[in-house]
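The next block holds one structure in the form of structure tokens; read it before the comments.
When the chains are written out, they are named A, B, C, D, E, F, G and H in that same order, and each has its own residue count from 1.
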Amino acid sequence: MDNRKADKKLKIVEEWCKGCNICVAFCPTNVLELRNNKVAIADIDKCTKCGLCELRCPDYAIYLEGSEDEK
Amino acid sequence: MSSQLIKNNFRMDRLPHIWCPGCGHGIIMRSMAQAIQNLGLDKQKVCIVSGIGCSSRAPGYMDFNTLHTTHGRALAFATGVKLANPELKVIVVTGDGDCSAIGGNHLIHTARRNIDITTIVFNNNIYGMTGGQYSPTTPTNDFGTTAPFGNIDKAFDICKLVDGAGATYVARGTAYHVNQLTKIIEKAISNIGFSLVDAISICPTYYGRKNKKGTAVQMMNYLKDSAVDTKVAEKLPPEKLENKFFIGEFKNTTEPEYTEEYMKIIKKYQKER
Amino acid sequence: MKNRKVKLMQGNEACVEGALAAGMKFYAGYPITPSTEIAEICSQKLPLVGGKFIQMEDEIAGMAATIGGSLAGLKSMTATSGPGFSLKQENIGYAALAEVPCVIVDVQRAGPSTGLPTAPSQGDIMQAKWGTHGDHPVIALSPTSVKETFDLTVKCFNLSEKYRTPVMLMLDEIVGHMREKIEIPEADEIEIYDRKKPTQDEVDTYKAYRVNEGEIVPAMASFGEGFHFHVTGLMHDEFGFPSNDADTADKLLRRIMNKISDNVDDIVMFEEEFMEDAEMVVLAYGGTYRSARSAVKKARAMGLKVGLFKAITIWPFREKRVIEIAKDQKKILVPELNLGQYVLEVERIVAGKTEVHSLGKVNGEAITPDEILAKIREVL
Amino acid sequence: MVNQKEIRLSGSGGQGLILGGIILAEAAILDGNNAIQSQSYGPEARGGASKAEVIISNEAIDYPKVDKADLLLALTEVAYKKYIKTLKEDGILIVDSSVNIEDKNPSYKVMQIPILDTAFEKMGKGMVANIVALGVIREVTNVVSAESLEKAVLNRVPRGTEELNKKALMEGYLLASNRD
Amino acid sequence: MKNRKVKLMQGNEACVEGALAAGMKFYAGYPITPSTEIAEICSQKLPLVGGKFIQMEDEIAGMAATIGGSLAGLKSMTATSGPGFSLKQENIGYAALAEVPCVIVDVQRAGPSTGLPTAPSQGDIMQAKWGTHGDHPVIALSPTSVKETFDLTVKCFNLSEKYRTPVMLMLDEIVGHMREKIEIPEADEIEIYDRKKPTQDEVDTYKAYRVNEGEIVPAMASFGEGFHFHVTGLMHDEFGFPSNDADTADKLLRRIMNKISDNVDDIVMFEEEFMEDAEMVVLAYGGTYRSARSAVKKARAMGLKVGLFKAITIWPFREKRVIEIAKDQKKILVPELNLGQYVLEVERIVAGKTEVHSLGKVNGEAITPDEILAKIREVL
Amino acid sequence: MSSQLIKNNFRMDRLPHIWCPGCGHGIIMRSMAQAIQNLGLDKQKVCIVSGIGCSSRAPGYMDFNTLHTTHGRALAFATGVKLANPELKVIVVTGDGDCSAIGGNHLIHTARRNIDITTIVFNNNIYGMTGGQYSPTTPTNDFGTTAPFGNIDKAFDICKLVDGAGATYVARGTAYHVNQLTKIIEKAISNIGFSLVDAISICPTYYGRKNKKGTAVQMMNYLKDSAVDTKVAEKLPPEKLENKFFIGEFKNTTEPEYTEEYMKIIKKYQKER
Amino acid sequence: MVNQKEIRLSGSGGQGLILGGIILAEAAILDGNNAIQSQSYGPEARGGASKAEVIISNEAIDYPKVDKADLLLALTEVAYKKYIKTLKEDGILIVDSSVNIEDKNPSYKVMQIPILDTAFEKMGKGMVANIVALGVIREVTNVVSAESLEKAVLNRVPRGTEELNKKALMEGYLLASNRD
Amino acid sequence: MDNRKADKKLKIVEEWCKGCNICVAFCPTNVLELRNNKVAIADIDKCTKCGLCELRCPDYAIYLEGSEDEK
């Protein structure tokens, strides 16, 4: 895994999200929320790029990568 | 779009997978891919074999040599694959039902032979695919569609079972403790011999619903709260261990490996080449 | 002429020799009378040629590992007898649907259930065709002598490789356990067919279940050769991925059935003797054929116009030829070590065009030439 | 003309009769004839009577089982009692001298020969009784040539026992010829 | 008239209700789609009537425990689908040879192998007859409606008790999973047959496998009732002890075959409609029968002279009646959810006396009435 | 004529049995009969179930309710018998192959359920009936007809296996230590739950011959010399335990028994009687 | 005359459509008619579109499957897209207001009705959407009597929710009748 | 088991004896021998009635019972 956390951006694959709420519940800084049964970013500024959402998303619908956050 | 890990290790056109919202199987499958990638294995030489069940659908999504067999028989097929071509890293994905109910005999014999196969049990304590019947790992008194009055069976501890049968690497992880699970899977794959990882999953759809365990998030919290690392456990007083289960490494030994022993016979007796 | 080895050999041993000659490199099984010698000899001989033998925990595992071995690229075989043949059925269906070449030997013994474990029988002939659930393609051969056991085992491997399908060798205790003179052909006299593989430049375009122009079956890669394909016992598309699509399922199933039925002429083997002026024909297979031949010779010696038909390929059935025989108004007698199984298929094909008679026996003893002769005289 | 001989070797398990049958068949093949050897298997056979059968013919052998035998070898009383019914009316019975013959006036020819004694006493090795018996059978029936039989015996016996077995054959020949 | 309960009920549920009505007190099985509801409902309902349900580790064990339950005196059942049916075969043969009454439900799904697990099929019809090794007796029924599922499950138990033999209920996903109106008969309207037991004064003379004067099968004691008998899957004598004797084996096997073939009239059920002036007959069974009936009605509405034959008992086959139909020169069409299985038996019986046509389908969907209608028009 | 024990417990007209001269199975079968007689069990209520193998022929000789099933399946049949009629004392006679090869799955599941069945394994470390193939209990490097170059499999310790699976009574005895074996069988039968006795037998015909173990007497002497009582073993130094195996009781616990638990459900929910 | 109606209820898993189908069929039976309910099972159904089918007839129903439906209920867009092809040309489509209808000029009749909104907002319980839908279907088609439908609903719903479900039915009736 | 050892007599069922020699080898006082591959009593006077032969005979061909020794 690439460790330069700060460089990474938070991405969402909406079509793959099944709205299970796991990422939302286990995000340590409450960055995420469900909207219309899909994951959405409530407050990107709180994101520490810890990667826990990616780690636990059963559907690979949220991940850190590249250089642009989703808003 | 999706993460590099997914792109590198999965058949993108087969995703999203068929698993239910919040199913722990997806988390474990990703952890497997991560472990394989971390180890830098040659993808051409990885063969992933499964039986039948929700869990056993995993190989279909993973971009390796993949084999989806009959219910319970994954380890027997895998034994054939591995012995025929010992160069392959053979990893078996199975469910608690697949490997410990109908497949129980293959499980103990593969362990006994100490053949170099890594088994990852996606253990959700239920038959998910067929809709929620109790499995050999469903805790006593829990409910399943075939245990409407509460399960009177005692549950297998799969780790103890394969230990008694002769496995050389035995460990448990959960869909909550993902990084630890990945590490365990890495070590399991690295062990030359039979390794088993009991990966505790969650099935919100059936096990959760039948047993009023709440949402996927609540079930994940249960994993978080109830799993105790074996190393820590040793130091805790019994009252702290009530209703807990243990994770971590239970066994990590080295013994002669089956295909290596077989190759020795061939080396010694082979006439034609 | 070649200086062939002439030997006294047991049928079960000839089966292993044939398998080795055909290129068998993998055997997985579980011992059971009267097939056990096949496992025992494989365990001795395979390592000598760099092949692998494994005794599995049961017959189900034996069948599974055999399929696994084949998918990993080795020509694979398993052997068993009735009770084990029943247990293998689920995975035989898997091999049929997933199109995995392999050879299954059933040394038939008297059943049902444990029955008479050491007594000869031909009681699994229908099971060979219908033993597993769902429609599926079947090829089954049955040898009548030790030499033919050798030859047909080679043939089983060839057919399984050519048609990517499990092929059954229906031995019986008579042929499996008797010792007889056999001339083992030299390696270069034996025709060997190896599965068609995709070429390395197809790595990116390979579809594991697409039949290329002019081919009978999809090219078959082995695990570990760089083709990341998927194999499943679910209905699947040309890539090998599960599909619930009705057309896909229909296409797949009909294709695997047709690859056999479209090539019956290539697959079916039979032999005839004494047919010219025959008024009736004894149609026999396996160990019972030998009794039939003896009986027919005796009958001929008595001036009775009796012909002899040896069914070598049991499934698929030689419809064309049997219909011709029926049209010629030759009566047909089918002696077999069961209560009348293959005769049912003969009756069906003959469709009333001639008389069909059955001679069945299930007391654990072989049918004697005299029993067949008596029936011939009754029928004629 | 078809010349076919059907031979049944019987005795108790451990007397090496199956090996005997195999050797006889192999000798026949060395002679350029056809031969089939078969035996009955079975859990019930454990400890009980044991038998092996050989058919030797100058033509193809169709039916591989022996029904009524041309020659019956019986090394034990149990075997004699069990299989005597399966000897042809005009067949030959070669029976060990230790066996009590019941039928005093049989249609078949009876040859009572001290096979076991010879093997035990003369040779000091009970385990060569089967080879002694083969010698007797050859001498009585001529069904295989002496040359082929010796070759076949030597092909099959453990290394180091060649001379012993050759001698056993010889004893068999003698036993048979001394009789008449 | 009785005040019967009218309910909407699933086929699988009706099977359990029928079994309970027949006196089932024991169920052992392993879940598999599309039969799982049968296990689930049994697990709920059996304890309520003092019966036992157990989920075993696999289908083999499920079949074994079912036989064990029956030997201990309880009416026993197991249910499964294709892959599990294949696994149960060895022990089905055991039940047949040891003459242990029990009911095996196969809710057929599309195969071979894992196939299309949730799709309907009639692909195990031949397997029901030939699935286990060796010759063995077979009774199999196939219901066409939820009500008939209830009735035939009762019948299965009755036949199994009467003939001391495993009886198969060949359900299919269509009937097993649909919900339909059903009137549940009152207990006293349902005919129940219980196995004949030896009386206590026979304790010393009891031979477990002797058929008494005037009886069809041996009286059957249960374990624990004071009869020290032996049960084996080996060929056995009248006492139940293993025997290698040829006559004993022959007698035993022929007796267990004949107890069925001698009583075909008692076992075989069928129904006919629209037959009087019919020029062709659609012969159908199970879920496909419903499509056939719809098609025949449509055909009649169009003035086509088509009759309808419902095969309720699948095995043994209704030879007599089908030969009559063939002699009447009525053409026969057999639509079925497979590539043509039952039609083979029809062809055999008809023996060329009339035309026999097959309509097979294996794409995982039911045959529609229009497909049958089209075929009717083609054939007529 | 024969002893009272034999007359009382065997089907005299079926004897002598088919086993080879010196086969240990006969000794163990007698020990079983002795144990049953010592316990004073009601013969009508004893049901002896076996699979297929030399060992599995035992029930045919014993004058009880007897059931000779299919290879490996004895415990599954027995489970049906026991659950259907919990009044019966169900004893399973099985071989090492029957119970730990093909029957391994039923073994571990019957143990897991802790159903009241007593299993006596006639363990001769070989497939006797089929002529000497190696079994899951054949020691590594030993020979069998299918292990002509020496067995490369690791052997099961059946006692450990069923312990890991959940059995409540586990012990081992031998055909040499007959009185101890009889005591063990008595205790196994008395345990309400799943009990297993690993009864080490001898097969002079195949195992003995293939492995040059000599006559039946020599093999009996081996049992005498190599078996160490677990209680004694604890006190011995490791060098004294080399090439030894342990006999005696390994586990003797009490846990809820399956049929009793089932009867509780029936008591609670039964409507009709 | 045969009067047969074939109805397909579609939406997403968890919307209780199978229960809805069962209730509809049971209501028909209470009316003295025949009814068959069926559904498609399948692993692929997990999370995807879900459907249940009901056939109601005053005569025996032979073929139990619905091919082209007389009435299609679609509660979600996914379901609408997947099943709209299976509606008869002159059939009725009852579709939730949230669904985007593509075909602007269909041969079948389209009724866009806020079923989900009503259940969620008005009733505060999304889970009664199926019952609201049943009310709508009854009102539109008259395929079952109101009396039987209410009875069937009350037979099937969990204790304590009777009033809620009665109200849901009423809301369904209102939604349908308000429209025209 | 009856414990009045001294009262018991040693009996042999010759037809059942398979001559395995186990009883002979493990008789503590060498009472027994094989004759013609069948068990036989060499010296009954040495017999202590310990019952070990009965215990270990795989074929139930030797036992202690009744009141008359076999000679």
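One rule holds for everything that comes next: contacts are C-beta pairs under 8 Å (C-beta built on N, C-alpha and C of every residue); 3 or more make two chains touch, one makes a residue touch a chain.
On a predicted model such as this, the values are computed, not experimentally measured, just so you know.
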Steps needed, at fewest, to go from chain E to chain G via touching chains: 1
Between C-D and B-C, the pair with more C-beta contacts: B-C
Distance between the centres, which are taken as Cα means, of chain E and chain A, whole angstrom: 56
Geometric centre distance via CA averages, chain H-chain A, whole Å: 84
Residues of chain E engaged with two or more neighbouring chains: 33, 47, 57-58, 60, 83, 90, 94, 113-114, 117, 232-234, 244
Chain F residues counted as touching two or more neighbouring chains: 19-21, 52, 70, 101-102, 104-105, 109, 129, 136, 149, 262, 265, 269
Junction residues of chain G - those touching two or more other chains: 42-44, 47
Complex contact set, residues of chain F against chain H: 1-6, 10, 15-17, 19-27, 30, 34, 175-176, 178-179, 204, 215-217, 220-221
Of all residues in chain A, those that touch chain B in their complex: 1, 11, 13, 15-16, 18-22, 24-26, 54-61, 63-65
Partner chain B, residues of chain E touching it in the complex: 30-33, 36, 39-40, 43-44, 47, 53, 55, 57-59, 83, 113-114
Residue ranges of chain E touching chain G (in the complex, touch as defined): 6-8, 33-34, 117-118, 174, 177-181, 287, 290-291, 293-294, 297, 366, 368-369
Residue numbers on chain G that touch chain E, as the complex places them: 22, 25-26, 29, 34-43, 61-65, 67
